[in-house]
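Each of the next two complexes has subunit A plus one more chain, namely subunit B in the first and subunit C in the second.
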Partner chain A sequence: MSKKVLSVLKYVFLAVISFVSVFPLIWMVIAATNRSVDITKGTMIPGSYLMENLNTLLSSDLHYMMAFKNSLIIAVITTALAMLVSSAAGYAFVVYKSKNRERVFNLILLSMMVPFAALMVPLFRLFTKFNNMGPLKLIALNTPMAVIIIAVATAFLIFFFRQNAQTFPKELLEAARIDGLGEFQIFVRIFMPTMKSCYAAAIVVTFMSSWNNYLWPLIALQSPEKRTLPLVISAMGTSYTPDYGMMMIAVFIATIPTAIIFFIMQKQFVAGMTGSVKG
Partner chain B sequence: MKNKKSNSGMSPRLNRRAWMFVIPSLILIIAFVFYPMIQAFITSFQSGAGNRLEWAGIANYKRLLTDSTFKKAMGNTILYLIVQVPVMILLALVISSLLNDKKLRCKGFFRTAIFLPCVTSLVAYSIIFKSLFATDGFINTILMKVNLISEPIAWITDPVWAKILIIIAITWRWTGYNMVFYLSGLQGIDDSIYEAAEIDGAGAIQKFFGITIPMLKPIILFTTISSTIGTLQLFDEPMNITQGGPANATITISQYIYNILFKYSPDFGYAASVSYVIVVLIVLLSIIQLKVGDKNE
Partner chain C sequence: MKLKKATAVLLTVAVTVGLAACGSSSDGNKDSAKKDDNKLTIWAWDEAFNILAANEAKKIYAEKNPDVDVEVVTMAQDDIVAKLNTSLSSGAYDGLPDIVLIEDYRIQGYLNAYQEDFADLSEIASPEDFAEYKTGVNQIDGKMYGIPFDSGVAAMFYRTDMIEEAGYTQDDMENLTWDKYIEIGKAVKEKTGKDMLTLDPSELGQIRMMLQSAGAWYTDEDGKVNLADNQALKDAVTTYKKLVDAGITKTVSDWDQFVGAFNNGDVASVPAGSWLSPSIMKAEDQSGKWAVTAFPRMAENADSVNASSIGGAGWYVLKKVGHEDEAKEFLKETFASNTDLMNTLAEEINLISTLKSAAECDYYSKGMDFYGGQEVFKDFAEWTAEVPAVNYGENTYIIEDLMTEVMQQITSGADIDKVLSDYQKQAEAAISK
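And then the complex of A and B:
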C-alpha cells in the first residue's frame, strides 16, 4: 500500500472519530430548536422552536431555574472552600517538615482508594443523624451544605497542590518571614498569587465535578426545591411521554457553563485533569 | 527520611502552625471517608429494617451468594469492565499516536473534537444518548431511512442491545479523556527514537507496538486502574439511560446498592455488605494490575 493511501486513511479515520464525538452535541443543539415530533422524524435542520421549548421548560413544574441556581451556589461555595482547605494542606505538606508528616499524607492518599459506592450507605445514615445534633443541622441531609462539605477536602486536590507546591521557591518563604509576615499571611499573600496557574487548573476541575455531581446530591437532596441540575435533568428523562425539544434545551443550558470554561481555559482544564501543571 | 535533621530544627510554634493548615482537611477526610468506611463494615454484619439493626453475623454475605439480582449486577459490571475498558484504551492509544504525528494537519481540531464529550456531565450525555437511541429516536430513523434495518432496534428495552448501548455511551464519553493522558505522555518521547526505528525499516504498526506502547506503559497502567475503579462504580449511565432495565439486564453494583437503600424498603446492613464487595474488588484488581504492570518492566 502506498504512503499516500495510508495518509488518506488516517485522515478519514480521525475525521470519522471526530464526527462521532461531536455529533451528539450538535444534535442536542439542533433538537433544542425543534418540536418533539420533528425530532423523532429525524430532522437535522435547526428549527424555530427554541423559544417555545425554553418557555415549556421554564413554565414546567421542574423548577429548572431554581435548580440552576442551586447548582451554581453549590459549585461556587464548594470550589471556594476546597481551594482554601485542600490547598492549605497540600502547601503545609511541602513547606513544613514536621514529625509524622509522611504518615499523615499517606493516610490521606489512602482515602483515594475508597469508592464512593461504599460510602453511600454510611454517609446517608450519618447525615440523617445531623438533623438532631444542634449546630450540625447546618450540614444535615437536604441542605446544600451536605453536598458541599464532603467535596471540600479531597485526596486528589491535596495531592495536586502538594505536587505543585514543590515548585514554590523557598527563598520567597524565607524573605517573607524576615519581613515579619505571619505564616497564614505568607500562605494567602505570597503562595496563592505565585501559584495562580495551579489554582486556575484546580478551580476548573473542582467546579466541573461539583456542577456535574449526581449520586450524592441524589441521595442528599430529596426535596424538589433543593434539587440540582443533574437531578432535574435526570427526572425529565424518566417521563413516559418525553418532550425531546424541552429535554435537549435543558441539557444544552446545563452544558453551557462547562463548555465555556472548556473553551476559554482548555490548557488549565487539561492540566487539572491530568494532575500536572507546566509553566 | 532525608529531612530528619530539620525535623528537630523546627520550632514548636511553627510546628503547631503547620498542623493548623492540615487539620481541617484531616478532620473532613476522617469524618466523611474513614469513619463511614468503618461504620459500613460494622453495618454489613447487622440486619433489620430501617435503623433498627441487630447483629447478624455473616448472614448478609451469605445472602449475596443466593441473590440473583446481585449476581446479575455483578455480571453486568464485570461485562462492562472486560469489554469496554480494553476497547476504549486501545482506541484512545491509536487516536493519540495518530495525533502525535508532527506533519498532521488540523491536529488541534481533531484533538478538541475528540475531547469535547468530556465537557458534558454524565447525566446530560446519558439523556442525549437515551433520546438519540429511543425506539422512535434519531438513530433508528436514520438506520431505517438508509435501509440498514427494516424494524427499529429496541436499544433501551432489549436486554442485549441495552448493554451494547451502555458500552457505546461510556466509550463515547471517556475515550477523549484517556487520549489526553496518552498525548501528554507521547510528548515526552523523543522523536529521534521513531526516526531511528524508521531508518531500521519499522512500519507504523511495529512502531506502535514496539515503541509507543512500551514507552507509555506507566500511563496506560494508570488509566487502566482509574477506568477499572470508575467502571466498578458505574452508576450515572445505567441509571439514566436504561434505569437498569429491562428487568435488571443492565443494572450495576452501585445501582443495586442505591435500589436496596431507596427503591425497596431500606436494608442498610445488606446494602453495606454489597458495597464492601466493590471495595474488595477494587483493591484486588488494583493489586493485580500493578503486579502485571511490574512484571513486564
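And then the complex of A and C:
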C-alpha cells in the first residue's frame, strides 16, 4: 500500500517539475500563433495568426533569415574547429609528458576564473589592431572569424577532454604505436572513434554556447548583415509597442537547430557527460 | 615527421574554412578619417517607431539626394549603449554609425565624456525651434549637439465609461491634481471594483513624471545627487505612497503585464508618455471609451504644473566616423526642419514632434474616434510646450536603481526624510565609483 502511495507521490512530483520546465516552451508556441494584444491579455489558446506573425518577421528589415544563416555558419565552424583543437590539446595533456605540463594546464584552468566582461575591452582593442595588419584582417572585427576564433580553444573544453582522455586505455595507445601508426594517426583513428560519446557531449555544449553567444558578437560584429540571431532577437526587444507574436515566432525558429542537435546526440550526450568509455 | 605534416594540413584546412566563411567580408576597413563613399548609417531602436521614422526620413532625403545611400539599422537600445561605450572608450570608430539615436536620460553622460566625438549641430538647427524642455539636455557650452526627436509628453489616459460609472464627469478630469485623482480613484474602485492605475515597483516612471512636473529631478541643476533636501522629490514620494495607501493601484511586474492590464480593461486610467497611445489603441473593442487629459499636478508643490515628460530621445552625429557633413545635411533636411515628415509620422506612428512648427500639421487637428473624437495630438502638442525643462544629469539610471529600494522602504512605512538622507549618501558613493 505505502509503496503505491510513494509511487503516486513520485509521479505527481515529476509531473509538476516537468510541467514547470516545459510550460515556457508551450507558452512560446501558443504565443507564436497569437496577436500581440491577445498575448498581453494572457490568452492560453492557440490562435490563427501564425502565418501573419511569420510574414511580419520575414518582411521586417531585421534580416532574420540572414542572421539565422550567419549564426549557423558561425556555430558549425566554431564547433568543428573547437573539436579538433581543444580535443587535441586535452589529449596531449594526458599522453605527452613534459616537465611543465601541469603548470601550463593550471594556467589554462586559471583563465576560466576571469569573467568575460573583464576581457571585453582589451579584446576589442586587440581586434581593432588586426584591421590594419595584412593577413590578420581575416580575423579582424566585423568578420565571422572574429567570433569563431575566440571560441575555438576554451579552457572548459580542454579541461573536459583532458579529464576524458585520462580514461583512454594506455594499452590501446601502445598497441597502435607497436603496429606502426604515427602519432597523428593514433589521435584520429584510435582516440577519436573511442571517445565518440565524449565528442558528442562536447559538440552539444559548444554548439549551444556558440548559438546563444551574445556579448562578444554584439561588440565584434558591426554591419547589420553580419549579425547573429541573439542580436537580432534582442533588437526586437526595446520598443514602445513590442510585437510579441513576431518575437515568439522568431524565438521559436531560433530554438529548432539546438533542439535538433540535442535530439540527435541525446544518447551519446548523456553517456559523455557521465564519462563512460567503451574499451 | 608525420606529425608536422599533419599539423600543416590541419592548419591549412582551418584557414581555408575561415576564408570561405568570411567571403567578401574583409573589405571596407580603410582609414577612419573622412570617407567619400556616400554612405550614411543610422542606428536606432524600436522597429515600429524610431526605425519607421528613420526610414521615412530616408525616403524624403533620397528624393533630393539620390546618390547618398542611407542604411538604417535596428538594434536594442542597450546594445547601442554597449557598443558606443566599448568603441568610444577605445577610440575605434570603425563600424560606428554616422547618426545615432540616444535617449534624453543618457545623453549628458556621453556628451560630458566624449564631447569631441559628437558633431556640433548649431549651424543646422537652433534651440528656439524646439520644445524648450528638449534642448536643455543636448547642449554643452551653448553648443547644440543633438536634434530633438520624439516628445515623451506625459498624459493621463482614462476610461470615460468607468469615470462616469463612478459618478464623475470628464470635466472633473480637467486641471487635475493628484488629490482629486485619488478621490476619483476611490470612487471607481468602490463602484466598478476596478483599480485606478498600475504601479510597477521596479520602474519609477511615475516618480520621474511627478518630479519633472515640478521642474525637478534626482539631481540638481549642476548634476549633483539631490535626494535629501529635494522638496519636489518628497512631494512625489508622498503622493506615490498616498496612491498605494488608497488601495487603488494594481501591481504589475513588467511591461507585458502593464500593457495587459489596460488592454484587458482592468484599470480605469494610465498615466504615461504620449507614445503609449498605439498600445492603448490596440484594444479595438475599447474604441470610444478612452479620453486623454493633462498629467495631474501636485497641489502641495507650487512649482508643479499639469505637464511632464517621460522618455524621448534625440539624433546625434558621430563626427569621427567619416561622414560628418553628409550626416548634418541629412538631419537638416529631415528631423531638424521638415514639417511634412512630422505630419506623415504623426499619422503613421503617432509621433508627437518636439519641432515647434509641427503643431501646425494637418493631422494634429484631426479628431480620433478611439478617443471619442478628441483632438489628441493638438492636446499633446500644447502640453509639450508647457513641460518644465530639467537637466537629467549623467546618472539617472544609477540613482533610479537605488530609488526602487527607497520606494519599497517608504511604501512599507519607513520615515521619508530619514530614508532619503540615508540614500543620499549611498547614491553619492555609487556615482563617485
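Note that in this section the second predicted complex is superposed on the first by the 238 of 279 C-alpha atoms of A that agree within 3 Å, B and C clash if a C-alpha of one lies under 4 Å from a C-alpha of the other, contacts with A are read in each partner's own complex, and residues count from 1 in each chain.
Keep this in mind: a contact is a pair of C-beta atoms (placed from the backbone, for glycine too) under 8 Å apart; a residue touches a chain by one contact, two chains touch by 3 or more.
As the structure is a prediction and not an experimental result, all values here were calculated from the model.
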Superposition on subunit A - do subunit B and subunit C clash or fit: clash
Which superposed partner A:L14 touches (first subunit B, second subunit C, both, neither): first
Touched partner set for A:I73, first subunit B, second subunit C, both or neither: second
Chain touching more of subunit A, residue-wise (subunit B, subunit C): B
Subunit B versus subunit C as contact partner of A:P242, first or second or both or neither: both
Which superposed partner A:F124 touches (first subunit B, second subunit C, both, neither): both
Touched partner set for A:E183, first subunit B, second subunit C, both or neither: both
Partner chain(s) touched by A:L172 [first = subunit B, second = subunit C, both, neither]: neither
Contacts of A:V114 with subunit B and subunit C, given as first, second, both or neither: first
First, second, both or neither for A:K41, with subunit B first and subunit C second: both
First (subunit B), second (subunit C), both or neither touched by A:S234: both
Doubly contacted residues of subunit A, that is, touched by subunit B and again by subunit C: 39-42, 120-121, 124-125, 183-184, 215, 218-219, 234, 236-238, 242, 244
Residues of subunit B touching subunit A in the complex: 1, 3, 6-7, 10, 14-15, 17-22, 24-26, 28-29, 32-37, 39-40, 43, 51, 95, 98-99, 101, 104, 109-110, 112-132, 134, 136-138, 141-142, 145, 172, 175-177, 180-181, 184, 204, 229, 232-233, 235-236, 239-240, 243, 253-254, 257-258, 261-262, 268, 271-272, 275-276, 278-279, 282-283, 286
Touching residues on subunit A, where the partner in the complex is subunit B: 6, 10, 13-15, 17-22, 24-25, 27-28, 31, 39-42, 85-86, 88-89, 91-93, 95-99, 102, 104, 108, 111, 113-126, 149-150, 152-153, 155, 158, 183-184, 187, 211-212, 214-215, 218-219, 229-230, 233-234, 236-238, 242, 244, 247-248, 251, 254-255, 258-259, 262, 266, 270, 273-274, 276
Complex interface listing, subunit C residues touching subunit A: 2-3, 6-7, 10, 14-15, 17-19, 21-22, 25-26, 29, 45-49, 51, 55, 71-79, 82-83, 86-87, 89-90, 92, 94-96, 255-257, 259-260, 263-264, 273, 275-276, 278-279, 282-283
Residues of subunit A defined as touching subunit C within the complex: 36-37, 39-42, 60-62, 73-74, 77, 80-81, 84, 120-121, 124-125, 128, 131-132, 137-145, 148, 182-185, 215, 218-219, 222-224, 226, 231, 234-244
